[in-house]
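If you scroll down you'll find the structure; I have some questions about it.
Going in written order, the chains are labelled A, B, C and D, and every chain counts its residues from 1.
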């Protein structure tokens, strides 16, 4: 009985999505004409799930399924982010859906499954659940990314799939080594085993492998290559989904792994830092020569994931809170940018060439676009400035040893300015090019909402940063203060308090 | 002869894993790429089962993980084949480095 | 009441929204109905005026008990920057003044700018200025003040260069911006220095960083932590901001040029509100300044010098707007003089009165200019009293008030004079008295040249529209009676803890006599003379003096020639350096990422196997990294 | 017995390695698939030597039967393409791949090899207790225990897996099912 009650109390959001996915599957089998009615059902279900997330009691840490499913403030927060991103994606996909009305139920179902995978991923507490959830997210993403059958998007999908399979094999290899060390796949048992056994080296290797494999989700090195192709070729809503929701899930599990499982392995922080540095450098440098805005968004998202990882690598509460803040703002900015691109996309992709003269023809759209890209570039009065500001601040407070690190991050954000400005400048070009735009109410909802949020949180960022501090504090017992100067990195790690 | 211990299985799986990795890198046939991925997953399974046998015969977590890995590996393979067939329909080629992917030839 | 006060931020935010609305819809929905931007701007300002009345009532009822609310705007490490609003006597008076004048001027501008193609842009900028100015007035801490200080400067820049196609306008805008930068930079340095000096106080005791309400305690802390010289330097840097913004000597050079802006802008920004912001900020920072006697002396002398010099320069101007601009300079100098000698409430009182009077004068001048089709030279005016009686009589009221003959200006000027006298500095007192005479002279000079005598211009005189004359009449009322009404109570209301009680019996008499004498002198020279008296004046021994006035005491010349020459030399050297060192290095640093990006793009070759190859390479790199670290450390 | 054990291991290990290498480097894709099936079957047999009867059986059934048929179908679909042209990629990449993968292998072996050291206790040591259960596993096999574990502790991933497979079916059906325009 207790088991059932546990599930009913704790897993309501997931259950709703599960039921919704099954329902959509049946709708997809039964009819091809569900286009108009299915949208409201889908949004209703996601909204209901979101509400269920909100009403979860997050003050105490609770678990279900014998400890393999964790409900804490942190995980619920990431679930809310995932759900919000999925709702936005569904609003954003309006154009695609209108063009492919017959496959709407399948499309929504796969989105549901992906969101469900992400949600279970961030709250999984053993590697079996984590792996299955990860693959749920990945496999539905593979299918979604190949959803345009008319065009040559399959090669990109195949690359995505093969890269993903290799990444998951790498993760599994790391997990198998961890399993061999501890004899269990549960996070807490492995954590205890790492603490007691003197297998630091192999734990470091397996941690590196697991994190590298998870970087596939974040599109950072070593598995970043797929991102530009897939973002370019897949339906734009799916690109938005991949660059936001799937990344958020990846960040959620990486933060939890680093803070709960690999707590004692300080070397992983260095690995995270290295991953961050290399991927932001690669993303920004590749972005410099790019003309296609969708591919540019991919490079930008690689770089942004790099920034977030850079601040995670510091491992303090301050850095975690700024990372959480960055993730929230990243979501907002990206949805603003993607919805602008969706309005502009006429099927052949958006290039800087095709943006010319937009500011004179469609000032409102250009304004939204400018605010989104300026925010991504990190200019003041937009929210991106504050996320960068807190990021730099977290690095500064981590100690003067990290000043070269800070300089590198600063240099990178300077380089990034160039390609964001390339897009902005193209809009103010005097030569005008033909643009066909697509407006719909649902699309406008996302566009207006995210742009307003980008502006509003740019002016009043304090509630958001306070909230992200709370989130970081709740995960804090698992995070160790990074004491770079003393050299005593993680002598006294505190295991997570579990009731 | 010698005593077969855990380490032999680990070496075997490491070799198989790397062969799979190599296969993904060097193959031009898409089918072979997918097969190589399966090699990698099989290598991981060997690891899990071997560890389970030497370390965890009580809870059998490794065995369970192996089952899940198999199921998901096959699922990935199936989706990969579906996409492969789709690619083949479009381009009449299953070349991983095919000209249809891009014009530029990089050596 | 509480509700209104709590939501007073709406007053500041709404103009911002109207600005955004107009700017975004400039070519779209706003353009359909021309008046929509005017109605929006005026409506928002009217709302602000209503709020300001409530704020004023609150401030009167709760003297010495300011209302303030703050919220955290951002965290910077251990410091939290707040945004908020503070309603005390000073800010409520300022708020009322700003909203009422800007309301009237916006109504006036509708008629003034009717034919201008950039009508919407004008109102958008006015809204933006309102946003910045109200934010500045309401701000509860120095940090927020600085932000809005910059925004006000930006609005001023935009409006001076409103007719940006005119070369002189864009040059004047640049000049204003550059001169203001000096002051702003000083202010920023001063704020940072002050924050540094009193860091402990803000960190441990205060709840609002750099909040005005706890400035006094902070100053005490700052005084302890440094020598009086260091404190003087910090306070002096902070004072640079007001000096530039209020166009005080030697940074006054931008204000006359700023008259390139449309006349309503001159009236609103460069006469009534923004230039007074310097005085306002000085009053806000009074707790800091008053603890540095040297600086107080400096303030008084800067004020006195500006008052005298600007009055002299106003004597010889033929451009009506420039004459009024120098007059503004001079009057602002008066206020600084008052603040410097400790006559706090007298200075603020003069600020209030002067705002109405100068707005009135400028609007009248604008009406004249508008109906003479942009003729600004007074030598081509004259005898306009018959064509536009409303303008003439309201202008006369303004003149009387400004020169301190019985109307509002009389009481404020008299308070200032008695304040100076109470401080015992007779030198400053004589300067002030002399300047009072000069101001009566120059302002009636303009009156006589424009409205009396014969019309000397060529263009047709168009009648003044009703929409224009209503604000004039409305403004004439406070210009005439406000001083008389408030003279007995303002001292109690806005004060800095002490009052100047010394009333010298003969002082009003002396000042009125001097003013009347000046008016009589002006009438001799300028009333109804067929040929211009100035030519004869030049022949007098005053010739060299006249030259000095016309050349603006060679200050502009000094800036132009001396500074420019040094600057040009330095710039030449620097430009060489720039071209061969900086540019080259920038080119290299810019080209290298692009080249690196191209190189990486080659590796980004879009083949599955190659992708995995790169991934494996990076994986091996990571593993090698941990191996190297482990071998080193473990 | 000892000899038999090691002989069996060696045989299957050799088969796995040779067949996998052959599968990667075979000239014809048919050979490649065949040797891959051999490899999968050998892995299954290897599982049996590790007292993992259920996994071994599953491996043989899933990979030896299901996957091989899937691959055979794929070859039938795509067999028209001339197989010789699709042998290996360009030599530089093959060379780089060899170098990198060998490096990676040596890294892995470097990290794993401390297990060889008999003194390294703790990490990979056997549990020792629960002898009775281990004995019953040796007698009746692992299927019962695995089933109990899956349906008690790992029911969440199991359910998720079912949804995942459903999504996979829907996706594959959509992707491979021919675009609806054509029909």
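The definition used in the following text is that contacts are C-beta pairs under 8 Å (C-beta built on N, C-alpha and C of every residue); 3 or more make two chains touch, one makes a residue touch a chain.
Note that this is a predicted model, so its numbers are computed, not measured.
Across B-D and C-D, it is B-D that has more C-beta pairs touching.
Ranked by distance of CA centroids from subunit A, the top chain is C.
We define each chain's centre as the mean of its Cα atoms; on that basis subunit B and subunit D are separated by 7 Å. Each chain gets one centre point, the mean of its Cα atoms, and the points for subunit C and subunit D are 78 Å apart.
Each chain gets one centre point, the mean of its Cα atoms, and the points for subunit B and subunit C are 73 Å apart.
Distance between chain centres (mean CA atoms), subunit A to subunit D: 31 Å.
Residues of subunit B in contact with at least two other chains: 6, 10, 17, 20-21, 24-28, 30, 33, 50-52, 54-56, 59, 61, 64, 68, 72, 75, 79, 83-84, 86, 96-97, 101.
Each of the following residues of subunit D touches two or more other chains: 89, 93, 97, 100-101, 104, 107-108, 112, 124, 127, 154, 157, 161, 164, 168, 171-172, 175. Contact of a single residue of subunit A with at least two other chains is seen at positions 128, 131-132, 135, 139, 142-143, 146, 149, 158, 162, 166, 173, 177, 180, 183, 201, 205. Taken in their complex, subunit A has these residues touching subunit B: 127-128, 131-132, 135, 139, 142-143, 146, 149, 152, 154-155, 157-158, 161-162, 164-166, 168-169, 172-173, 175-177, 179-180, 183-185. Interface of subunit B with subunit C (complex): residues 21, 24-28, 30, 33, 96-97, 101-102, 104, 106. Taken in their complex, subunit D has these residues touching subunit B: 2-3, 5-7, 9-10, 13, 16-17, 20-21, 23-24, 29, 32-33, 36, 39-40, 43, 46-47, 50-52, 54-55, 58-59, 62-63, 66-67, 70-71, 73-75, 77-78, 80-81, 83, 85-90, 92-94, 97-98, 100-102, 104-105, 108-109, 112-113, 115-116, 124-127, 130, 133-134, 137, 142, 145-146, 149-150, 154, 157, 161, 164-165, 168, 171-172, 175-176. Subunit A contributes residues 158-159, 162-163, 166-167, 170, 200-201, 204-205, 208-209, 212, 221-223, 225-226, 228-229, 267, 270-271, 274-275, 278, 282, 284-289, 363-364, 367, 386, 389-390, 393, 396-397, 415, 418, 460-462, 465-466 to its touches with subunit C in the complex.
The residues of subunit C lying in touch with subunit D in their complex are 607, 609-610, 613, 616-617, 619-620, 623-624, 627.
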